[in-house]
Amino acid sequence: MVAQNVFFYLLAGIILFSAFRVVTSNNVVHAALYLVAVLAAVAAEYVLLAAEFVAATQVLVYIGAIIVLFLFGIMLTRAKLGSDQDLTHPHWALSAATAVVMFGVMGYALVDQFHWTATPLPADTRLVSVDGSNSATVSDSVFTAYLVPFEVVSVLLLAALVGAIVLARKD
Amino acid sequence: MAEDTATASAEAPEIVVDERREELRAVFVAHLGDAVLDSVIKPGDGLWIRVATDAWAEAGRVAQDKADCKYFDFLSAIDWLPSPYGRYEDSALDVPFPPPMPERSAAVPGYAGGESRLQVLASVAKTGTDLRVLLKVDVPDDDPRLATWIRTYAGAAWHERETHEMFGISFDGNADMRNLYLPSEFEGYPLRKEFPLLARVVKPWPGIIDVEPMPGDDEPSEGEGTEE
Amino acid sequence: MISLSVLGVELAYWQVTSLRVLGVLLAVVLPAGAFVYLFLFKMMSFMQSRLGPMEAGPFGSMQLLAEVGKFLQKEDIVPERADRRLFFIAPYIVLASTFLLFSVMPFGPDVYFTNLDTGIFLALGLSSVSVIGILIAGWASANKYSLIGGIRAAGQLIAYELPMVLAVVGVVIQAGTLNLQGIVAAQHQGEIFGFSGIGNPFLLTQFVAFGVFLVATQAELTQTPFDMPVAESEIVTGYMTEYSGLRFLLFFIGEFATAGAFAALAATLFLGGWALPFVSLDDNAMNFIGPLVLFAKILMVGFLIFWARFTFPRFREDQLQAFAWKYLIPIALINILVTMILKVAF
Amino acid sequence: MTLTDAQQLGYINAQAADGRVNVELETDDGMVLNMGPQHPATHGTLRLVARLDGEQVTSADVMCGYMHRGYEKLCEVRSYPQVTTLVNRIDWLGSFANEVPFILAAEQLMEVEAPPRAQWIRTLLFELSRIANVSLFIGDLALQLGAQTPAFYAFRDREFVLNQIESVTGGRFHPNFDRIGGLKDDLPKGWIAETKAAMVRLRAFCDEMEGLVYGNEIFQSRTRGVGVIPAAIAQSYGLSGANLRGSGVDWDLRRDANVGLVYDQLDWKVWTHPDGDSYSRCWVRLQEVREATKIVDQICDGLPSGAIMAKVPRIIKVPAGEAYIATENPLGQMGYYVVSKGDTGPFRVKIRSASFNNISIAPWLLRGVYVPDIITILASLYFILGDIDR
């Protein structure tokens, strides 16, 4: 498991550095691209945890769709080359404090749940079996235990979609 | 070459009077009155009408609405002054540069006469026929400006721009007088006769040194092309 | 490790890894080269009543190497106001997306790089990464044509991602798995009304999905008639305008390698992948024949892609979007519906 | 000569300064897209500055002059026979057709008429240059709209026509074959049969293009309803050729104002299209190629025998006078207003070229269209740079 550990820390380092650059970069497009690096590295962490379905979803949804839309929007509106000086919001300190508090809450919740114990990985991490694979497990749980939340989220997304169309249409 | 209306048929008695063009001219005379200063008809070929300078815009309107010449063909100008450089056929060594300008009186206008050195010429036509009117107008020597035609013929815009940069004739009402061809800093009006043809000044024309013989010229009999 | 069991030797991890790297290089470059030579050079020329390259090698077969050599020699020009780092990165992102696509592709019963449960899902996700490279290329070039090209590409690729995914859903429903090996197996072991000679390639049952998939592929690859991101008569090759030398070559390879990857996907999803119809060989033999069979099927799909490319004029941007949203997506949705009903009924 | 050097230097500097004017990446209201002077869609050196809102053009300006060669000035120092060499280069795809109206104008002033055989051959070559010109247009149109293959077909079949022109005149592109009073040479042996065979090829080419390009649904959706020019607008801008007839104006100088050519003795048809959009302009051009092949066939059959050169003096001096002759060239009406003062060369020549008028409508037409439609419209207006800039 040495290789996994090495890669975990490598990816964690990439995530931390890129996340830091997202907020400190002077160029909107650069910031968006550092965000891509963060999300890609997170996807890689999922792969490392043998959750390739989540990894694929991460790539498809976040990198393939959301960030592309980000970039698309940025380039359509304010695609300036070179660095911007007015990117730092006046209330950045407040945002930083919020982020720290958020991090603290999440960290506390995790620690409270697992109490610094390492959860052992399954013995065989090769992902070959078609039956009983973890994507099947995911889909099973989505369509049984979490059916109602799943459908509610779909309706929410639909509402957002309709709202976007209403806002975008001029006539 | 200035011919009077009355003498047009007398000049060419063997050809019958071109009634369609006579009618067309009558339309202009009827609507413009005295502003039609002169006109020439070449039967079966063309109609030249010279109008007064301040009736130029009106002439365009008459041509479009009354004479039904809706088709805008072209608009340009003629500088009637002979070129001081001649035809550049002499060696440059013989001619001082720049040569003296010819006398103002040397400007002899062509068909339909004229008093000014610069004359604007426009052609409008009636689609579906071979009828076409060549309208001429004198442009004052000291202040070459004229009313624009762009309200009657939209296509005149570019032609007026071209005429402006080539002859220095301004068109009142046409705001877009940027140069069409030449760089914006270009000085001078290339198609005026006093403007030298720089290429010929730099490297003089060797003169007519070879003349291509006409087919059959060196044969005693009349030259006939034969398909072998 | 698994992919090498066929040879009956145990190799060290690094040996397997380097073999895989070699394998993926081969898998990317071979279809790309074949596409360029066979279709771009020769087929296009014959369709246009000319011979194409004839000088380099027999029938110009070495022309490809000559072109690569030419591009390598050329100066790598970076526009003065370009964002240099991003300008350099962009072609690699596009190429990386292409390489990753092959990581889930099965070439034989045991010949693959990874065999993921969610193979097709990951493939579709990875294919969308190249958009970022294209957007960066368009933006970083500091050229308006490039920017327009990049934005057009992004809009187009997003719009056509959807019909492509929806077309694949039909196949996934019928096969009952997201695993590409499973999809191949489902086609190979299936039968048509009791006749199992050619298995049940989904081309026969999912022909609507196949059509939608091919059209979407054409758009994803920005090939004519969907080539407005690189339209040379409008925006002068779009996001590639400022690229030259090696980096242009990378884009060029990326374009054709991606064509190969999508053709491989189409072949796997609809034409039975590496499986051979009519004959049933043991796994060991198929491990060697399978890649060749897949390659042949890739060429078949590639022929369709490039045939359309050389024939059609291109759409306008709004027509392209209308085509995707008004025709392809509804058709794909109806196809899913029908497939579901039939799946439940039978 | 110091003055000249200074003038020349100033000219060059001014030109360079103009060339440096490049549009900045960021502008306040919308984006300014600078197409050209080196852009594939302008096939030549035309510059188009379009102000964009998204992909929509809010205003467009055409800047030409990158190929201005000052032919009108040059004509004033050339003798009459030399002018044909110049005017060959105006519309370089249909060169012979450029010579004809000038020669006809000079002939009219001299009151010389070419012998019948010369008139017939002139008409023949005139139509051949139309075919050579417009068949390339059809291929190029498809290329502009993204289809690569038709362009090669066009080049392939146009070659047959060029070969025929070359075997008569000795020049594929710039024949310089027309003379005051007739033609330089007669047709070579076996030429008639070859030409008729080539016309069969060209008709097959037209059929092929009609199926491959014009029948294509993408092509139709790209061209139909795009760049509509109403007939009145077309007339006031002085559009000509297929651009005018594509707007439904039934006017063809070959039929209506035929001077010196033999169109009135032939059986052919003027095609018009009522729609006025890009498709109709392209469609009319295709029909005109077809019609031209029929005209060529008829001329090949009915060619009279006789001389090809009238009696003209060795050194040509044209009597004083003015003449304006326009003919229906491949691109549209091309006219020469020739003013003579009885010299060996013209006093003033106004070259009325078709593309100048045809492209002058572009700013009007491009307002509000999408960027891809710029290409469609420019391609369908069909200009040749030499014909705009002269």
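Think of it as A, B, C and D in the order they're written, each chain with its own count starting at 1.
Assume contacts are C-beta pairs under 8 Å (C-beta built on N, C-alpha and C of every residue); 3 or more make two chains touch, one makes a residue touch a chain.
Quick caveat: nothing in here was measured; it's all calculated off a predicted structure.
Student: With centres defined by CA atoms only, which chain is the most remote from chain A?
Tutor: B
Student: Counting C-beta pairs in contact, which two chains come out on top?
Tutor: B-D
Student: How far is the middle of chain B from the middle of chain C, if each middle is the mean of its Cα atoms, in Å?
Tutor: Chain centroid spacing, chain B to chain C, equals 64 Å.
Student: Taking the mean of the C-alpha atoms as each chain's centre, how many Å separate chain B from chain D?
Tutor: About 22 Å, centre to centre.
Student: Counting in whole Å, what is the centre-to-centre distance of chain A and chain C, each centre being its mean C-alpha position?
Tutor: 27
Student: If you average the CA atoms of chain A and of chain B, how many Å lie between those two points?
Tutor: 75
Student: Two or more other chains in contact with one residue: find those residues in chain A.
Tutor: In chain A, residues 81 touch at least two other chains, as defined above.
Student: Please output the residue numbers of chain D that touch at least 2 other chains, ranges allowed.
Tutor: Those would be 25.
Student: I need the residues of chain B touching at least two other chains; which ones are they?
Tutor: none
Student: If we count contacts the way the header does, which residues on chain A are in touch with chain C in the complex?
Tutor: My answer: residues 27, 29-30, 33, 36, 52-53, 55-57, 59-60, 63-65, 67-69, 71-72, 75-76, 79, 81-82, 127-128, 130, 133-136.
Student: Considering only the defined contacts, which chain B positions touch chain D in the complex?
Tutor: 1, 45-46, 48, 64, 70-74, 76, 78-79, 82-83, 87-88, 97-98, 108, 110-111, 121, 123, 127-130, 132, 134, 152-155, 157-158, 166, 179-187, 190-191, 195-198, 200-202, 205, 208, 211-217, 222-228
Student: Would you tell me which residues of chain C are touching chain D in their complex?
Tutor: 44, 47-50, 81, 142, 144-145, 148, 224-225, 227-228, 231-236, 310-319
Student: Under the definition above, what is the set of chain C residues touching chain A in their complex?
Tutor: 2, 81-83, 86, 114-118, 121-122, 124-129, 131-132, 135-136, 138-140, 142, 147, 150-151, 154-155, 157-158, 161, 177-179, 182
Student: What residues on chain D touch chain B, complex-wise?
Tutor: Contact set of chain D toward chain B: 1, 3-4, 7-8, 10-11, 13-15, 17-18, 64-65, 68, 70, 72-74, 76-77, 79, 81, 108, 117-118, 179, 182-189, 191, 232-233, 235-239, 244, 249-251, 253, 256-257, 306-309, 311-312, 314-315, 320-324, 326, 333, 335, 337, 339, 341, 343-345, 348, 350, 352, 356-357, 360-361, 364, 389.
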